[in-house]
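Residue numbering begins at 1 within each chain, and the chains themselves are lettered A, B, C, D and E in the order written.
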């Protein structure tokens, strides 16, 4: 496989060179109309088809994919005489094709996957050359890709963006990329259960390439939202039940018991806090869920202190005041407080009022 | 190994070409009766024998296998003179065979494992050529395969489907695949303890191949059900005992104690909830087990609230009503409620009434 | 390394062919007395020396090993003139040796490790050829091997069987394997702490090879039992102390307290239950330890129910009966019940009465 | 890929030789002005651009990166006649370039990444040669790098230093490295969420190279500080709330209850202690956080003993003294003690008074 | 990389041959004074420099290292004419060097790393040949090494021995190894935080090599002791505090409370027991820490039974006896018992009286 990767890179450095090159073009060719020159840049079609999503790793901010890449271009230099050859097509494995093209002094549109993070394990690859110089290169591989655009502010109601960026090694003046939409997109058996992926689109743009100059890039962008069942039944429902039960117990009128129960809830919140953090990186900001949990945690702490105060009032004889305060607390503050936390969190985090972003 | 993978791919792109190719066939050959053309597609027998199942990863929805693949076909172009050669058979390692066939301008029926997810580590591979042009290719390898058909609605009573899909790289008009049943199936030492695997069958079908056109495919399909002992002794039995003990304790007539016990059970349900979720992906639907646990969790919460109400009735003097309500709750609601949850879950999830599916 | 694996496989497919081959032998050779034919099968000595056990993975049912394989055979076709050559021996790296043998139209006794599960990382390999045609092939490598014979019924008092199976690629009529006992066995620095490994022996047998026909096989078989200290101090001793303490507490004559303590033990048993399951696959049967734990768990549940009944007897005035029943329970049922569980488990599981097996 | 690594190493050992070599230079060349000699050391520009940080592993003290390395030098020996060649540039894949340079008897400035820890997976690499002998070598790869400078004394307020060291294989008298600042630094999409990385700078220095002699080195150094949100909401806030609640409960005047609560906190501190240790290696010194936790743990233990003493005073009739001592403890010692711990820790650990270092 | 490993192995099997070889030497050479014969064994200097310790895995009993190996020898057969050649040195990548030496019919001192456990990832390697036949081979690589000498009896006060064994493939009569001390040892930036490594020394010895005969070996041996801070603050300090607090609570004179507290400690000991076991393999013997924990666990169990007995004495009217017994237990047995356990453990385990070893 190493060889195959190498092959693609074979021509990578052709333009890692000072600017004076620009004028005279890449080669002193004798051909009439060379491609891959500023006068006549090579037009390369790029298709990116993601067949499988093997993994979405939020913590490392990357994802794994099985992808089929397709590059197409026409280079008259590569044309051959079909009669003499006895056939219309010649098929090469990529290293042999590079050697062939190299002998003819022509350009191969080397690319690099801009956000590749791991090694690329190639399942299959091949290059087919038609008699008129039309080349089709195809490669199926599995690899891990960086996903630095992940933003967990609205977690677990967040929408994430995934990229697959194929950048040209040659600057834009020599090689141009255009999109092959017919051979791009997401497969229909991605095998990913946690995310609802879609909204895929192929974007053509330019970027600073390996050569340090502006180079063409085609990228497949798609977005993902989460199935929420998991978060509802593992986090929200348990929390709701525990809070409701905690509230019910406040009708028992025993300060001591309440304190114990609220103390227990405090520890449960700490446990939830840690359990949630195991799925995400150590962020520099609060997510929606963090915010809700922290506020509830603080409020539960405050409720304990409040009950301690009530109890002291009671033991110091002010039973009536304690009772009255207690009624307010039970009937209004406890449920409304929690509701207010959730309401504010929804407003500030999910409705995106524009004044909060990490 | 890279080389060997490459070899198979050598001819992969031959048909990654526009449609006008169809008429004149793949090559301008001088042979009388070329194989691998629409007039005379190459007939390739495919055998898939799974020797070992190394792992079933429910969370990533894939499984690992050690597999022996066998391809057989006859291509007169490859025939040789056994007398001149001094032997009936020539044996090649795959790259050498590709070179040999390539020099003779003939087709090698390249394939791709459609649901391959990891690199393929090849333990052994070889190609044998008989004097009459009959080729036998064999390859033993270990790899990870996508299993996107996993559906956990009936978990842990679910039946899952596993696929091993070998797809032709050439479109169907050039290469046809047929099943080699004698060399296919599951070995008898799979080394998999958790699943009962069986019901294997070899299916021939067509799919959209790498070339973007309809291509032949042979797939080994088999199904798996779980050994249930694990789930019985780790989940169902503990839950049954805890609920029974909880019920017995309700005969003690102390509301306070009951509340504590039910509160403890609440936390145990949360713990079970999380323990179960560690084995499955973060699904977008409830499994049978999730449903049972969630309902029991909610019911346990309701029981606490109910006991709080009883207690308030008692403290506010309505001891008789509390007692009467209590008897109903203990003797009927508690056991019948849990039974109803389980009964409904069995009906809705396992008997498959057809109105629930994710 | 890939190349080396390939080399061994070079001759793998030679017999992946219909049966009519049998009579005329593998090659139309001109040599007087060809080896590797049904008349004169090649006799190959096989030595398997396991240097290190890197890991025993019970859950995946495999183990890792560093192994030195040695194959020896004599093939007159490979003999050379020591005078002309100027030396007695020629040393090859395996690919070069395959090329050499291939040019002389002779057989190399390709093998496959039947229960290999991972890639094989080769540390060193070489082939030495003596002037009289005697070949010594040696290879040191690390790999993971399937261990499908694992059976955990008697866990943790189980004895497990490990295999290392080297199978011939050629059918038995062409290549015969015999054992090289002097170069086989287990090293004395295996580096495995958990298992006591031994009882190693080299067995020669036949199996259905890759070609689909009967092929020779040499396998190293050895067995392992566990060091029990771990299980004694992590499981049995804690359980014994907890049960003893639980029993002592029953002398306190407070039903309420007993219920709490037994309830705590119930949760401890659940925790042990899960902790143990983390080491083993999700089995379809009960192990010795599972059986003991489940019975104790059920009995502890029964004890709670029993105490609830006693308490109700007491509160409903039948103190005397309760006391009497209680004395029996404390003095006899509790300790004898646990002893009976353990006794029965030992009888049924460990003494192997022949009526229980998964 | 292996080949590519090899290529770079091709010339590695050239100077692994005794010192007498120095005088006559590396080669008996016929060229007028050889580079790579003590008279005329080869001047090599080195650029190190880190594109992605894939992982920071504090426990193993390493980090993963995707890096683009760039080496530039001019060697007249490599110059070619652009007219005869028909072009200004020749592009090589690295092994071909090594062969080319080797045929011309010239030096390639081999390098080794000094703190490389894993294999280096090369995504792309190439070498471009201009007609005047100017060479540009570029390589994009992913690898793991040792980070032995990590120092956790101020954890989690620590600032860590990361290095990426490219060392020459040839001693400094033959090959000199200088920095290519324009092609160095950190990318702007590192994909690292936990750390704030920056302050990058390229340093040129010398080190003892593989040859055992002083060799040039260029290293990219950068520093990282942590986002603190994670530590605030997972550790500091929960601890603050628990301590505050614990303090509030001391106003309830029940020694028994206090002891229970402090006992619970003791266990919570043990849990925090273990949870924190999971992120760091088993250090030989206390971090800031360890110090705070240990002191609080000890103080909580002392508070329990103090309350036991108070209770004994009370039961032995000295209620007044107990009450008075208690008031001091509640109002002053408890809060001030914790504050003092934190204050001292901040002073001793974070303000760096210079008398504490591991 | 595979190629490089292969290269070293190229000559591996040369002596995997029957004994009759001995007399006539390895080759029928025409050279006057061949090296690598029993008359004139090849003298090879071996240097082992460990640059980094990437990991010490106690559970698997291995460690990871980045190592620089250096081999030096002089073989007149390899000498060349520096004038004709035009230079003093020739530099080879190892496969090319093997080919070169092979053509000259001479021996390359192949080696194998005796306790290598994983694949060896080679970062760099090269061979330099001086005109007089002096060869310097150098290789930088990362790999995992078996550490079967680990002995945890004194854990965590244990001193462990690490080995790095380089064994000759040729028997001692052909190739002799001597130590290159100047190029050996441990680097000063090992990047290992948990262990204090040192006491390194290079030992020359003989071992049974791959050929089955006595072969030379050079090994780097070093020892490691643990930083104890981790164990003090995570285990010893928490245990000490918990025991002290438990002791203090015994002054409260309430048997019931004591039982609860001791019961809680029992569970804490079980948790510690499991937490410790996660770091070590499942040993067949007790470590120091195991011994202390188990004894304390048993003693805590005994204390509970003792308190139950006291309580029964009290309820059956013998308050005085109970009180007296109690005073002894509190003031003497509890603290002295724990001290005795620790004292005995220190004596038996750490002072190494010679009567205990696994």
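Note that contacts are C-beta pairs under 8 Å (C-beta built on N, C-alpha and C of every residue); 3 or more make two chains touch, one makes a residue touch a chain.
Just so it is clear, the structure is predicted and the values come from calculations on it, not from any experiment.
Enquirer: How short can a path of touching chains from chain C to chain D be, counted in steps?
Expert: Shortest path length, in steps: 2.
Enquirer: Taking each chain's centre as its mean C-alpha position, how far apart are chain A and chain B in Å?
Expert: Result: the chain centres lie 26 Å from each other.
Enquirer: For chain A and chain E, what's the span in angstrom between their mean Cα positions?
Expert: Chain centres of chain A and chain E, defined by C-alpha means, are spaced 41 Å apart.
Enquirer: Return the residues of chain E touching two or more other chains; collapse runs of consecutive numbers into ranges.
Expert: Only 1-3 qualify.
Enquirer: Assign the assembly's chain-to-chain touch graph to one of these shapes: line, ring, star, complete, other.
Expert: Topology of touching chains reads as a ring, each chain with two neighbours.
Enquirer: Beginning at chain A, go round the ring through chain D first and name each chain as you reach it.
Expert: A, D, E, C, B
Enquirer: Quick one: in the complex, what on chain E touches chain C?
Expert: Listed in rising order, the residues are 1-3, 5-17, 21, 24, 26-30, 60-62, 105, 110, 112-113, 115-120, 146-148, 150, 169, 210, 212, 256, 259, 263, 266-267, 270, 273-274, 277, 281-286, 290, 294, 297-298, 301, 304-305, 308, 311-312, 315.
Enquirer: Spell out the part of chain B that touches chain C in their complex, as residue ranges.
Expert: The contact residues of chain B facing chain C are 1-4, 52, 54-55, 66, 68, 70, 82-83, 85-89, 91, 93, 121-128, 130, 134, 136-138, 140, 142, 182-183, 189-191, 193-194, 196, 226-231, 233-234, 237-238, 241-242, 244-245, 248-249, 251-253, 261, 264, 268, 275.
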